[in-house]
Structure formats: C-alpha cells, structure tokens
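The data blocks that follow each hold one structure.
In the two assemblies presented below, subunit A is common to both, partnered first by subunit B and then by subunit C.
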Partner chain A sequence: MSAGATSLLRVHNEAIRSPTPSPTPSESSQSGFDMNRPTVISAQNLTKTYGDLTAVDNISFDVPAGESFGLLGPNGAGKSTTMKMIGGVSQRTSGTLSIMGLDPESHGPEVRAHLGVVPQQDNLDEELKVRENLIVYGRYFGLPLSYLKPKADELLEFAQLTDKANSKVDALSGGMKRRLTIARSLINEPRILLLDEPTTGLDPQARHILWDRLFRLKENGVTLILTTHYMDEAEQLCDRLIVVDKGRIMAEGSPANLIREHSSREVLELRFGSERNATIGVELQGIGERLETLPDRVLIYAHDGEAALEQVTARGLRPMTSLVRRSSLEDVFLRLTGRSLVD
Partner chain B sequence: MSVLTGGHSATDLARERKFGPLYSRNAKAVVGRGLMAAKSSTWLVMVSGFFEPVLFLLAMGVGMGSIVGTVQGPGGEEISYAAYIAPALLAVSAMNGAIYDFTWNVFFKMNFAKLYQGMLYTSLGPLDVAIGEIFLALLRGLLYATGFTAVMGVMGLITSWWAILVIPAAVLIAFGFASFGMGITSFMKTFQQMDWINFFLLPMFLFSATFYPLSVYPQVIQWFIQAMPLWHGVELLRQISVGSFSPATAIHVGYYLVMIALGIMLTTGRLRQLFLK
Partner chain C sequence: MTDPASKPLTTAEQPLRAHSPEVSAARARRWGSFFYAEQVLRVMRNYGWSVILYSVGQPVAYLFAMGVGLASLVDANSEAAFGGVSYLEFVAPALLVSAAVMTASGEFSYPIMDGFKWRRVFYGPHASPLTPQQIASGHVMASSLRFLLQSVVYFAVVAMFGASPSLWGWMSAIVATVAALSFGLPLMAYAASIKQDKGQFALVQRFIVMPLFLFSGTFFPLDSLPIAVRWIGWISPVWHGTELGRVFTYGMDQNPLLTITHVVFLLVTATGGWVLVRRQFVKRMGS
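Entry: the complex of A and B
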C-alpha cells in the first residue's frame, strides 16, 4: 500500500524526466478489463427507500481492483445515495454490499480505513489551515504524526498547493478547495477513491487540472468510483460505467461500447429557430437512423452526418445552424431515458 | 503497509465491540482537532465565556450586595451576599457553557460546516465524535471553573479549603448538561427550534434559587424547582463553597450522575438513528 503512495510522486517525476510518453487513455482503459483482478466492490440487488421514495432500486454491479467505474445520471438518480451506502454512512433497505470482502454496515470504520471520499460539496475544516486539514484528517484514521507530516507535504505537492500550506481554507479558490479535498481523501492511502461529482462548479481549466490528477491516481492502481452528470468527464475518466436513472441501471459498459450500442456513429445537430424546431420533424422523416426533437434543436442520428446534412438541404430545408459531431454519452442517455442529462 | 498499522489496530478493535459501527476508540483525534481549531480562532469567544459570570458577580454580588448585606448560608452561618450567589453563578456558567457547546456549536457543525459529515467518512464512528466533543466541552468548563474560583478567592469570597472542590463539581454539572444537550440538539432542524432551548434556560437561571433562597416560594413551586437540574447544581456548589455538607449533597451528586447516564443513552441512540440510517 505504501509502495503505491510513494510511487505517486515517483510517477509524477518520471513523467517530467522520461522521454517516453505516459500511457494514453485507451491503453489504460484496456487494462481496466483485466479479469484476473480481485473484485473490490460487489453490490447485489442494492435497494434504498426513504418512505415512499425509492432512491436506489435493485441495482447490482461489481468493480474489479484498479478499475475506474462511473455512475452517470441526472441529479436525483440515486448516485450519491449509492456512494453513501458504499461508505457505510447510509444503511441499505435490502440487498447485499461487500467492500473488499466486508459489509460497510457492520464494519463501517474498518471499510472506511480503505476508502477515500470526495463528497459532492466540499466539507473542509474551515477552522484549520490547509496543511492542518490534511494532518487532522489523517488523525481521524488513527495514523501517527511521524507518517502524516511527510505525507501531508507530499500530497500538497500532488495537489499543487505547497505554497498555500499555511493559508486559511476560505482563502482558496473553488478549484484549489476541490484539489485539497482530493488530497485529503488520499491521506490514508486508500485502495478505493469515491468521487461524488468531482468537477461540478469548476471552470474548464480547473477541471482539466483535476482530471490530470485523477488520471495519475488511476495509473497508480487506485480504484476510482465516480458519479457525474458530465458526459465528457465520464468519457475521460471511466473504463466502465453504469447509466442510472430513477434509481435503476439503464445500461452498463465502456463509454465507447455504450455509444456503439445505443447511438449512431455521428449526430447532425440542426437549429431552425425555436418556433420551427417542433414542427420540422415531419419534413425530416426518413433521414438518418433516428430523429430526436429538443426544444432548442433537432438531432439526426446517422452513420454519416455530412451525408445526412446533404439530404436535408436536398429537401430544400435551410437550418439556421448545422453541426456534425461524434455521438456522446449524452446521446446514449437521451436514447435510454428520453431526457437530457443536464436539465 | 506499516504506516497504516495505527488505523488498522483501531478498526480491528472496533470490529470486536458491540458498538463496532459507532465507535473506533479514537475520540482523541476529535479532541486534537478541537484544540488545534481553538488555537487559531475561537479564543475570543472563550474569553467572553469566562467574563460573563464575573460581570454578574460584580453587578449583583458587589453592587446589589451592598444594600442586601449578609444572608444565611447553607449551614446557617451568615455570609456576604456575593459569597452566597458566587457558587450559583458558577453553576449557571457551567450549564450555559455546556449548553452553548452542545446546542449552537454542535448545531452549526452538524448542519452548516458539515464537519461531522467529513469526520464520519473516516474510521471515526459517531460515538468517537460525541465523546471527543463532550471531552472538549468539559475541558473548557474546567478552565472557566478554575478561573472563576480564582476570582472568588481574590475577592475574599472563599472561606473554606473545601471550596477547591467546586471545580470538579462544576465539571460534573457541565457533563450533565452536555450529555443531554447533544441528544436534544440532534432533534433540531431550524434556528427557530434552537430558540426553544433559551425559552427553557432563562427561567431556570432566574428561579433556581440562584439569587435568593428556595423558601420564598410556596411549597408546590419549591417541588417543581427541586425537580429541575440547575437547582441541584446551585445547591451543590453552594454547600461545597462553605464546606457545609449534608445528606442532600449526595442527592445532588446522584442527580447529575443519573442525568449523565440518561443523557449518554439518549445521545448514543440519536447518533445511531441519525448516522446509521
């Protein structure tokens, strides 16, 4: 375990020094499907109800060690509730759950000793300074100061916060707070890292820095479990994901496979103005494999988007704007639920 | 591997215990956090907590005391009015300190700072958090009680060496209110509900024989006051301050021991409901 953590820095340095490029996303995502790895999380028929509301409805999944596993779905889909049950801070209504062979409900403290948790809302200790946050959090795991002091400095380096070590928490930007929360979650060298909406509310640059940090962890063999409602995030970080809606699993697979199975290769996006979008559908019948009418645009799913656009113009239709793009997980979600992810 | 030994031993112990999911024998980490936080931010609040009973003592004891003169103490002896109300003010201060810590402070940390949420995602269980917070409150109570007793000494209000025992007795009173306060706060969801606590505390402060003897009330009201926790604290500290003990002393101490036991049961039950739902 300690080898994994010390290599955090080593990999970081090698990436700077060595002339060979670091593994590309596709290479490491293949390694995520190694069947020889032990299962670290196993959920069977997991259900959670609050009164009449069923937040998580009979879901099952297994996560092998080292995989980056995503839960993709809109707000209220049951992602956070699932995360809470994994952490043992919420009790399931029925089903079984095993984290590294232990039930988090009866072995909460022991399971959490192996977990790192990045909650949806930062809950840093505002009364403590940046470095103190890391050390005090490590004390909650019962770790000795002789280990925590160098570890805190190493993690500050990793989170690019070394020069903020003695700042107050409320002096940090949103992106810095998020990185500190992630650094804090790594203080106990967790085998599994739970990330609940890790980049929500961050600007694009802060998101890319964060993704880079998470990618390094993944390369070091940390199992990542993340919830997100951003398709690009899921595509960047997840080897495999489940699409969740209303507490149920709608689909499961790698981002590429899900797109292949549930969507066409390309999408033609057309805008005819908000009044015509709704009625233009009839005139577009027969073009592409499938047609989706949204309030602000019309989506035509086709293997060849350019060819579909030619067919549209051949019918004498003149869209205000047109865009051909690759299918994304957003399209998969739309197909599976009939709704957009971000509403 | 070796670096994690500390964490594992704590959690292995937890597994063998009945309170496994609630307790990991690491309340000292919560205490450590409190001391580190106190070092940087809340010392001003703490100083004001010390001055409050001192100001009351000056205004009521010295100021009003000058027209009251001497009154009859617990053993029948004549003592100055300031010496009469000083132990009562210490009891009130122990109560207020504990209540402040376990209502507003805990309410804020629970609902706004999300501090406990963060703690509970570590190896800590809710019982570690509760024990740690109670310990911190008692440590603060100990500091206040020591400071106030020193002020009493300087003002010449202490006539017996027994008076040194008001310090641990004040901590006992704080413990009683703290163990109950945390359980009660866990029911509160809004600031309006928090005000109900003050609605209960203020009359208890004014009417628990704090400023005059219980004998001024009709019998029925006396019984009611005697059922309230603060009266037992006031009487206990008043007896200790002059070194005049009676069988009632044991009853006062017993009242707080029972209050502590019931309060811990309530708090543990509530933590179980809140955090293991």
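Entry: the complex of A and C
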C-alpha cells in the first residue's frame, strides 16, 4: 500500500472516537456483531409511506460501531428509502431512528456531519476538476483549506486517482467516478459510511478495486452501511445483513449463518432446456432436501451436490448442463421470497 | 518504501485531522449558505470569460446601436417625448435593468433543473450538513453577486457613454440587481417545482421574458402604449426597475408615491419569490 493510503487509514483509525471505550481488535468477533460496542444506528419500527405505497414497513435493527451492515434485496425493496432516512434527507412516517444518539429529523445537519454518503447515482460536480470536487465538498463541513488541500491529495491516492487530479470529472470512467464519490464521502473523516448500491453498473475489475478500498476502511473501524442487490458483494463486505423485500425484513444474520439457516450446503443446478424445466420437477422428486424450479434451470438443494447428481443420472435423466456449487445468499433470498434477486 | 506509520511522529508529521462532526454541524448551520455560494462561484469561474465578455460586450453593442444609431433618428424628432433627455439617457437604464433580468432568467432556470434532475448537483451537498434552504440561498447569493458585478460593469459603460448625468446613477446597478431577483426568484421557485422538462424554460423566454423586455417602457414610455397592454408594464419587474433606474441616472421627474410603489413592488415580489423558493426546495429535498 502506498504511503498516502497508509496514513489515510491510520487517520481513519484514530478518527473513530467512540462514546465509550472501544474494545481492542482481538476482542471483536469475526462476525463483527459485538454487543460491547456502542450502537451507532438504531431503528425501531421504522416506516415510510408514499401515499398508498409502503416503501419501508415497520423495520427494526441496531448497528454497533465498526460493523459492516448490509441491506440486501431486489430493486424497490425499500433499501434506498431506508438509507435516505438514515442519511437525514428523508423523513420517516413513523417509528424511531437514532444516529449517534441523534434524531435525523430534528438534527439533520448534526447527523449528516457524522456521515459519509455514497449515493446510488453519482452527483459529482462535473464542471469542477477532480481534486476541486473533494475540496468543495469539504467546505460544506466548514473544513479549512489548510486541511482540505493535503487531505484531497491523500484521498486521491487512496482512490487511485492522483494522476487524474486536474482532469474534469466527465473525463473519468464509471469506476473512477465511483471511486471519486467514495473519496469525496471520506473528506470529513466520517465514523459511518453509507453506501447505496456502490458497485451497480461497474465492470468486474472496477468492482474488485472498489471492494478492496471498502475493505480497508472496514478493517480500520469505519462503520459501513451498505445496500446491494449483489449477493457476492454482500458476502464479501458484510459482517451482518438484513434481507429486505417489499419493505419488510425477511431474515437477519451473518451471510454464513443466513445460508446455514435457510439453505442447504450445496446446490445442484440443472438445465433441461426451457421447454422441459417446468415439467421435470415430478421426475426429480425425492432427490435432495428441496427443489426449486426456475424458468431457465432447476435447483436441487442438497448437502452433497455430486451425490444428488448421481441420483439424477441413475433415474435416466440427462440434463443439458449440470453444476454443483455452494449455497449463496441468492438461494437464501429465493427461499425466503420465492423470487430471485435480480428480476 | 518506509511505512510512515512506523516513524516517530514529529510536529511536522502530525496526521491531518478533521475537526469534530459537532464543529462541522455548527459551522454549517451558521455559514452553510456561504459554503454553497462558494461552490456556485467556483463553477462560474469555469466560464468566467464568457461571463465577462457578455457583461461588457452586451452593453457596448446595445448602447452603440440604440444610443448612437437609433438615437440619431429619434433625437432629431423630439426630445420632449422622452421627458427632455436624449434617447440614449432614456434607454440606458432600461437596457441595464433588462440585461440583469435576462441573466437572472438564465441563472434561475436551467441550473435549478440541473440541480434537481439532470446532474442532481443539489443532492451532493444535501448529504452534507447543508440544508435545502442553504443550498437555495447559496445559489441566490452567488447569482446576486453576478447580477451586481454585471450591472456595475454595465453602468460603467453607460457612464462612459455619458448617459448618466446624475451623481446617483450608480444606484441603478443596485436597482437592476433587485429587479433581477424580483423576476428571478419566482422563476426559481417555478423551476424547482418542475419534475419533467417539457420545454417550459423556452416558453418562459419567448412568452414572458421577451414581452417584458419589449413592453416595459424600455424603448418608449409606457404611456405611449395602448391602455389595453399597459398592464404588462405594471406587473413587470423590468418596468418598475427601469423607472427607478431613470430616477437615479437622470433624475426623472416622478411622483414620490410612484417611486415608492416601484421599490415596494420589487421588494415584495423578490421576498415572495424567496419564500416560495425555500418552500419548494424543502418540499423537493426534505429538511
């Protein structure tokens, strides 16, 4: 890691000023859910309605400092609405919400001063240069230029954008813009970072660079609140997550626990062609623990996928393709809602 | 490469530390409008040359065409029609006010749509400690500064053409700025209420800004228009501003009650527009 990035992370580490003494890293559990840590976000019976539509329906959760907490669900599940309420830019219809002990409705500026926000859609100042975007944003927090100028350089290095410092924003690729938005969100050294669909629309390489940067922040104790409809992203980054659908919490836990509770160890994916997938179910009855028929494939949930495949071939069935894989959050979601994450 | 974390920290190597969130919030509550105005001015600096050329080029071209070209015909007929002053003196304050109003019609329309819809630039600062009201007032403050500077430059050109005999002529730059806000703030409130661009701003330009420019006693006294269309001037910030500007630049003889009416009209419409702007920004973005 480069010198600038190292010192940035060190600063972040020191910037975590917990209301009560923080446990040492060795005390914190692998899952990140540690009741000794102070709660930084608490939502109780949080509800948001728009006319007849209930976007967020009576959800409750607590997030301790330093945890990486995810909201996983399909588009329209109410994830972004929840993020906006946490971010103090959208008012709840009912329930209680507290960020660092403050109500975002009555203390919007105070709550937002604690946060770094990466919105779903980039809203960078396209007419300003890359470095100037960081400086201008820092000014909104009343930060002096003597701090902002070197800080902007550090953050550009962290976001791997140093050689783009004097470029216009519209000259950046999608992944670079996203990294700049994340760098911008760190200008005030927030204790809590809100990331709404941070990697949607990015190519795989750009996503991995981003994940790496976020993981470093997480390692240094920044509380990450993340919405995503990518199960791999949730598995990579989240200590704990809630699965949301139609504004409600369907399940809560660490990715590993959710998979253990709601799915089998392995999944056998079979394709018989779109004509036969729907009708083959009867012939597969009794194999594995559970069967799920999708338009393009059939999923057999089993402890041992290879053994299940042997049973299938023993019945004289010849799938066009077969694949044995580990269960994922996608399977959890399918089990809980009967629908796939990406419709 | 040495790891800076392993080196003993000296004073010179103290890590950068942001002030606490509490300080950020307190500063934003107090100075937030100025922080946003700074952003708008930084963006304006990017097209600074076109702002300067527009501010200087427009008055020179208009005053030359109207005050030298057209005036040579008009003045040959009768100065009495314009209250005993030259046509250049008559038309200069009107052009000054009109230019400010036209700049306002630009600053308070497309950039507002840009902030809410196109590039959504208002939502970036809204995630910071700034409030929607401060974002609105920052935009207004920076724009007002532009109107004022443009009007001062315009007035300087007017003065160079010898079209402002009164010592109070410089006040016309302030009048033009207020007239720009009187017209611009209600427009900004409207722009903040638009969810879909269906060419509304082009209609505003053609059917509101242009008629106000033409029928607000700009090129001829309002009295010379048929009574049926004189109302356009009465509800026009351009007319009220122009009439006030004439009082300041050449001491136009006017009933003091009418002068007060002009001032009140401009202030009431600007204030009313500002109330609507704040309401729309909060409605659109939450508090």
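Methods note: the second predicted complex is superposed on the first by the 314 of 343 C-alpha atoms of A that agree within 3 Å, B and C clash if a C-alpha of one lies under 4 Å from a C-alpha of the other, contacts with A are read in each partner's own complex, and residues count from 1 in each chain.
Rule of thumb we're sticking to: contacts are C-beta pairs under 8 Å (C-beta built on N, C-alpha and C of every residue); 3 or more make two chains touch, one makes a residue touch a chain.
Just so it is clear, the model here is predicted, and its values are computed rather than measured.
Trainee: State whether subunit B and subunit C clash or fit side by side on subunit A once the two structures are superposed.
Mentor: clash
Trainee: Subunit B or subunit C: which reaches more residues on subunit A?
Mentor: In the superposed model, C touches more residues of subunit A.
Trainee: May I ask you to decide whether A:127 touches subunit B, subunit C, both, or neither, giving the answer as first, second, both or neither?
Mentor: both
Trainee: By the touch definition at the top of the document, which applies to A:108: first (subunit B), second (subunit C), both, or neither?
Mentor: After superposition on chain A, A:108 lies in contact with both partners, subunit B and subunit C.
Trainee: Where does A:154 make contact in the superposed view: on subunit B (first), on subunit C (second), on both, or on neither?
Mentor: second
Trainee: Quick one: classify A:271 as touching subunit B (first), subunit C (second), both or neither.
Mentor: neither
Trainee: Return the residues of subunit A at which the contacts from subunit B and from subunit C coincide.
Mentor: Overlap of subunit B and subunit C footprints on subunit A: residues 2, 87, 89-91, 105, 107-110, 112-113, 115, 117, 119, 121, 123-128, 132, 136-137, 139-143, 147, 151, 188-189.
Trainee: Provide the residue numbers of subunit B that touch subunit A in the complex, in ascending order.
Mentor: Within the complex, subunit B contacts subunit A at residues 1-4, 6-12, 14-15, 20-21, 23-24, 26, 29-30, 32-33, 36-37, 40-42, 113-115, 117-125, 275-277.
Trainee: In their shared complex, at which residues does subunit C touch subunit A?
Mentor: So the residues of subunit C in touch with subunit A come to 1-5, 15-29, 31-32, 35-36, 38-39, 42-43, 46, 119-121, 123-131, 285-287.
Trainee: What residues on subunit A touch subunit B, complex-wise?
Mentor: That would be residues 1-2, 87-91, 105-110, 112-113, 115, 117, 119, 121, 123-129, 132, 136-137, 139-144, 147, 151, 188-189 of subunit A.
Trainee: Help me check something: in the complex, which residues belonging to subunit A touch subunit C?
Mentor: By the definition above, subunit A touches subunit C via 2-3, 6-7, 10-11, 14-15, 17, 84, 87, 89-91, 100, 105, 107-110, 112-115, 117, 119, 121, 123-128, 132, 136-137, 139-143, 147, 150-151, 154, 184, 187-191.
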